[in-house]
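Heads up, there are several structures right after this.
Both complexes shown next keep chain A, but they swap its partner, so chain B is in the first and chain C is in the second.
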Partner chain A sequence: MRQVGKPLARREDDRLLRGKSRYLADLAFGDQLEAIVIRSPFARARILSIDTTAALAADGVVAVFTAEDLVDVDPALTRQFYSLTPAFVERHDVFLGPYREPILAPGRVSRVGEPVALLVATGRAAAEDAAELVEVDYEPMDPIVDPLEAMAPGADPVAADVPGNVQASFRIEVGDPGRVAGTADRTVSGRFRIGRSVGSPIENRGAVGVPATGTEPLTVWSTTQIPHVLRSYLADFLRCGEEDLRVVAPPMGGSFGGGIYAEELLVAFAARALERPVRWLEDRRENLGNARHSRDQIIDARLAYDLSGRFRALRMRIVQDCGSANLFGLTLPFNIASHARGQFAIDHFDVEGLCVLTNKTRNTPVRGAGRPEATFVLDRLVDMAADDLGLDPAELRRRNLIPAGEMPRDMGMLYRDGAPMVYDSGNFPDQLHTALEASGYWEKRRLGGRAGEGNRARGIGISSHVEATGLGPHETARLEIDDSGRVVLTCGSNPHGQSHATTLAQVAGDALGVPYDRIETRFGDTGLLERGGGTFGSRSAVTAGSVVHSAAIELRRQVLELAGELLECDPADLDIRDGLVSPRGVPGIGLGFPELAAAARDRNDGDGSGLSAHDEFVPSTVTFGSGTHVASVAVDRETGVVSLTGYVVVDDCGTVLNPMVVDGQQHGGVAHGIGNALLEEAVYDEDGQLLSGTFIDYLLPTATDVPDIEVIHRPHPTPLNTLGVKGAGEGSTASAPGAIANAIVDALRPLRIEINEMPITPQRLVELIRAAEAEHMVGSAGN
Partner chain B sequence: MTPELHTIRLTVNGAAVSVQVEPRQTLAGALRDQLGLTGTNLGCEHGVCGACTVLLDGRTARSCTLLAVQAQGRSVITVEGLAADGERLHPVQQAFAEHHALQCGFCTPGFLLTTIEYLDEAPAVDSDAIRQRLSGNLCRCTGYHNIVAAVKDLVRRQAAP
Partner chain C sequence: MIRGREQPVRPAPFRYLAPDSLEEALSLLCEYGEEAKILAGGQSLLPLMAFRLVRPAVLIDLRNIAELGRYRLEADRLTIGSMVTHRTIELDHRVTSRCDMLAEALDVLGHAAIRNVGTVGGSLAHADPTAEWLAVALALEARVMVTGPRGTRSVAAENFATGWMASCLAPDEILTEVRLDMPGPGTGSAFEEVARRHGDFAVVGAAAAVTVADEAIEGVRIALAGAASTPIRAPRAEALLAGSVPSAQDLEAAGEAAASETDPVADLHGSEDYKRQLARVLTRRAVARAYRRALARP
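The block that comes next holds the complex of A and B.
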């Protein structure tokens, strides 16, 4: 029975439902110490002195580390997360300045929350009590909170080695956008502001450093999406070999963006220095202030088109507020650029992207990572153009979608991995048609703008996106049959809710002829696998799925060859079903994996079964998933509160490994997009102080903010991998903001408001409504 | 300065227990650190996310903002109390599995206990009411769609004659 494509039950659930999963904070490491990070209360300041005397004398305090103590290690993170090819740098006019992020602040701080000291004590309470006794004398300076101010001539540098505060930049030009935009019949344009948001998994970050023993290397347990990458950063920091380190990612309570953080390195340093396990557990305030901030761009965009409604050129300038350091280089603005044209045929296109440093928390890619921003801007421009032309937005979209017959389509630029950017598969017009039908678009559109109950106006909006998925550079897996005949799958991509233990076992199970629930799975441990990529950028189904598939096929070959020897027949005449190797056409009799493992072990003089396949998948480039969403809303014109009344997702993630799991990704992605569209914003004041440090101020969507979501799959498998899989994790976050914004504009059609900022909070919307009403009245009076 | 310790007696998952706690120890801390019941997860420690929800004398309570000493003499049910090891899952747990109502699972214990309290009130089948009732618990993975579906299924089955 084929397992891929079926909504098979998750193998993860039993432990999780019983509360038996061991998340990082649930683990105990003998005589572990507890660390807390003492953080800067100022956005920009000189540190004149740090006095730890009183803290060190307090009950239970074992050590306080400051920048001065970081000897014999690299005192700062300096290696950028992604490398770029020379051809890419040349083609897209890339400038990439230095990246430097101190592990502990050396004499100056450049954001609120920057780690200044690590205090280690026998318990958490003792550590928190003593933290107040660490005396840091700061000399505050004026911070730069606004990226446009940071770019102004004469602005003080946020980082000493980045004069002018533009840390990175690029330029893309496809076709002849200047000329074409200048001669097109019409244009719409706007300045779009994308609010800063926080990834906000329900589990906070945490890390434990465990000193080396006679048998185990120095080990870091961390809530990381990228254990192998973390190991390499740890090796840089500690100036040791990767073989002297082990990184383990235990089960995680979600993660929506990652990177490398000072705290993960500091616990290793402290454990090595103190020769005891050292645990750091983040609290929510620290998380909201320090971890996984994302978005936060100012995007100037202009769409040029003919009176026939044909899009001619798109021009864009992106100012990315990176915060105080930029680990990810071009990633966020370049992702915006590479997704900016969405599903539309736009032959003339240019983008200037600028990564600007400010005295705020470092920005990282979070679910969507540029896609929601790009999609929001394009969706708004399209609906503005439709309004200008007097066309229905659906009709204008239909006229400009890339026809199915033009796939694959070279987009005339390079992707960030250096390969030509090509939309490899999909049928966008069918997606739109399906979404319009499923949502009852035309009927709702007819009613749009009319007041519903009370002051609630109803509207409907469309968004369509593309989603580059399955980013390299590589992913690794090993499939083996252990002594007892059990199949063991080890993969370098570790899950944090994505169901790898189910979906990857389905892939392996099909190739091997073994039910998925009889395959043991192991993830997130560099001690088990020499290399690994991780889970980010909607990559795991593509990269991990592909390598598990190829490794399983190789293991199948080994199994059949061995069985052929034992049964004295041609392996080609054998088949594996339900874990039993049988002659073709004679199912139910034959050799089981335990017998094969025993025979193999005998052949190897008892040294394991030797039945093992190890493989690495190196994708040629990304593969493009896509989706079209239709959101229905009710807008309260008095309060500015927006309610979602319906939501349809039409998705193309290629081959669907497990529809139940993919639907779950879509639901979660939409909810995240709803949060970004309406609720979530990390707010800084002019002093660089974070005002949204609790879940009372930083609003995640709740069950009442998210509607029922209908998910429809219209899969077009990619030719770029054997399974035909495209990623599914982020696309739904991409389209929710644009669909919702367009639906709100539709609901308020008589007022002709423009939404160019997210989140669209009630306050902002009320301001727009009031302003439009005032203008409307003036306009009426004038007429 | 060694903090004063209090001995509290309470019932946890049906068993009488006695634990020594500092006055500032939270109920969540006592459950997790003293009793080893790590199924109760801490998400925000300021009473908003609901991951740490337990049943206290049958009613939901945020164990992160309740002091352990406040549980003196009372009965606490945690996620570990819903199904004994090796036994079948509780019907609410089963429904969550069937509907794929969990992904990372970190918020799940809170949702399970919130749902159990809700079902005890014999509610009518009403999606809006279910969403209202679940809105005190945050989930970042599922978008709530499948959690609502699971709870709705449970309500429907319970309401069926």
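The block that comes next holds the complex of A and C.
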């Protein structure tokens, strides 16, 4: 039975639902110590002195480390996460300034929450009590919290080596946008503000450093998405070889982006210095302020089109607020640029992107990573143009979608990986048609826009997006048959909710003729696999799926060859079903994997079965998934409260490995997008203090905020990998904000409001409604 | 590697005491004075302690005092011991069927998990201006019973909250019960609230009780949560409505009047203007629904 494509039950669920998963905080390491980070209370200050005397004298305190103590290590993170090709830099006029994020603040702090000292004690309670005794004398300075102020001439630099505060920039030009925009019949434009958000995994961050023993290297257990990358940063920091280190990512309670953090490095340093395991567990307040934030752009955009409704040119300027340091370089604004045209044929396009430093928490790609921002802006511009032209938004969209016959389509620019950006597959018009039908769009459009009972008005809105997925540079897997005959799958991409143990086992199981639930899976341990990429950017189904597939095919070849020898027949005449190697047409008799493993072991003089395949997948470039969403809302015109009354997702992630898993990704993605659209906002005051420092003020969507979501799969497999898989992890986050914004505008159709900011809070909506009503009354009075 | 569960400790160190009687609790309160805090359901106090915003040296838990955990409905009088949970009242149909305002307020008070543990007395004593219980107590003209070394006193709900999270409770006093009169025939009630998400603190809430005679409003009581630094009544709005057979314009005018009586405090979830707007709309809606209900139960 083919397993790929079936909605097979997740193997992870039993353990998770019974509360049997063991997360980082559940693990104990002998005589481990507890560390807590002492953080800056100021957004910008000089540190005049740090007095640790009283803290060191407190009960249970073992050590307090400050910047001065970081000897024989690199005192700052300086290596940027992604490298860029020279051709890409040349083509898109890239400037990339230095990145520097101190491990512990050396004499100055540039954001609230910046680590100033690490206090290590025998227990958490002792550590927290003693932390209050560390005396740091600060001289506060005026912070810069507004990126536009940071860019103004004469602004103080946030980082000494980034004068002018623009840390990175690029420029894209496709076609002749200046001329075309100037000659197009009509334009719509706006300044769009995307609120700052926090990834907010259920489990906060944490890391444990365990000193080297005679047999084990220095080991860091961390809630990381990228164990192999962390190992390489640790090697830089500790000035040792990667072979002297091991990184393990235990089961994780989610993760939506992040990167490499000082805390992960500090526990290794402390463990090495103190020769005892040192654990750091983040609390929620720390997470909301110190796990890297995301979004937070100001985007000026202009769409030019003809009276016929044909889009001619899109122009954009993106100011990305990066916070105090920018590990990820161009990633966020460039992602906005590369997804800015969405599913539409727009031949003339230019974007300027600027990464600006401010005295706030650092920014990072979080689920969607530029796609929700780009899609929101485009969705709004399209509906504004439809309003201007007097066309239904669905009709204007239909006229401008890239036809299926024009796939693959070269978009005239390079992707971040340096390859030409090509939409490789998909059928956008079919997607739109399917979404409109499933949502009852035309009927709802006819009935919407009027205030009904309780002053609630109903509306419907469309969003469509593309999603570049499966980013390289590489992914690695090993498939082997152990001595007992069990198939063991080891992969460099580690899950934190993505269902790797299910979907990758389905892929391997199909190739090997073994049911997925009999394949043991191992992830997230650099001790098991020399290389690995990690899990981010909707890459795992593509990259890990592809390498597991090819390794499993190689292992199958080995199994059939061995079985052919043992059964004295041509391997081509053999088949594997349900873990049994049988002559074709004679199922039910043959050799099981335990017998094969035993035979192989004998042949190897007892030294393992030797049945093992190791492979690495290097994608040529990204592959584009896509989706179209239709949201239905009811808006209380007096209170600004928005209720979601219906939601349809039509998704194309290529070959669907497991529809139930993909549905789950869509549900989670929509929920995340609802949060961004209506609720979530990390707010700083003018002193650079985070006002939304608890879950009372930073609002995540809960069950009552998420409607029933209908997910429809319309897969168009990619030609870029053997499985035909495209990523599915982030697309739904991309479209929810635009679909919801457009539905709200539709519900308030008579008022013709413009939404150009997210989240769309009830207060902001009431302000827009009142302003529109006032204008309307002035307009009426004039008639 | 050894597996185990060690929970991080958050609050500053404190002593925990759980006396068996009110007398004992009062004497402990006298002994420790301002160093002590009374623990009821802990739904507000414990998070504040976890943030170390409140650092009592002693917690006096009332959970073992049986008399505080009882409530009774006698004729029209509902008497609720301070340690009775929200959930207990919510699930008693005899109570909620007598008072729509209370049923509606309990439906939006936190989440079931909070209502299972949080207590009526704890909510009142915390005196959060957005608390549903305070607004309901105000609209029903409840009395709050307070016991201390000088004896027991009965405080009118309108005199209970004295400022933002401040009440008339002296440091050596304990809130023991609240007495509410259930609306009788000819009276309808309603509770309206806007919160950012279901179960969140109210941005603004409005409680209304309307008594009718011959379709005209004979009496109306309106209380607002989240509209000032304490919960407030809206006497101008009440006066406007008294004696009227309320038209849509009357209701709108009452909403306007109520909004003018507010003094909201801006926060991340609403500016002063937005909260005034909510006070206007929610007052109008609560009164309208309470009036309809009053007509339906002569």
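Basically, the second predicted complex is superposed on the first by the 783 of 783 C-alpha atoms of A that agree within 3 Å, B and C clash if a C-alpha of one lies under 4 Å from a C-alpha of the other, contacts with A are read in each partner's own complex, and residues count from 1 in each chain.
The rule we apply is simple: a residue touches a chain if its C-beta (ideal position, glycine included) is under 8 Å from a C-beta of that chain, and two chains touch if they have at least 3 such contacts.
Owing to the predicted nature of the structure, the values given are computational and were not obtained by experimental measurement.
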Chain B versus chain C as contact partner of A:A125, first or second or both or neither: both
First (chain B), second (chain C), both or neither touched by A:E90: neither
First, second, both or neither for A:E530, with chain B first and chain C second: neither
Which of chain B and chain C A:V683 touches, first, second, both or neither: second
Chain C versus chain B, contacts on chain A by residue: B
Partner chain(s) touched by A:D697 [first = chain B, second = chain C, both, neither]: second
Touching partner for A:P762 - first (chain B), second (chain C), both, neither: second
Touching partner for A:D283 - first (chain B), second (chain C), both, neither: both
Which of chain B and chain C A:D663 touches, first, second, both or neither: first
Touched partner set for A:D26, first chain B, second chain C, both or neither: both
Overlap of chain C and chain B interfaces on chain A (superposed complexes): 22, 25-26, 125, 283, 694, 696, 701-702, 704
Residue numbers on chain B that touch chain A, as the complex places them: 1-2, 22, 24, 32, 37-46, 48-49, 51, 78-80, 82-83, 85, 89, 93, 96-98, 100, 102-109, 112, 127, 130-132, 134-148
For the chain A and chain C complex, residues of the former touching the latter: 22, 25-30, 123-125, 128-129, 281, 283, 285, 454, 638-641, 679, 681, 683, 691-692, 694, 696-697, 699, 701-702, 704-705, 761-763, 766-767
Chain A partner contacts - residues on chain C that touch it in the complex: 1-6, 8-10, 12-13, 51, 194, 196-201, 203, 268-271, 274, 277-278, 281-282, 285
Contacting residues of chain A [partner chain B, same complex]: 9-10, 12-14, 16-23, 25-26, 59, 125, 200-204, 251-254, 256, 283-284, 496-499, 660-661, 663-664, 666-672, 694-696, 700-704, 706, 708-709
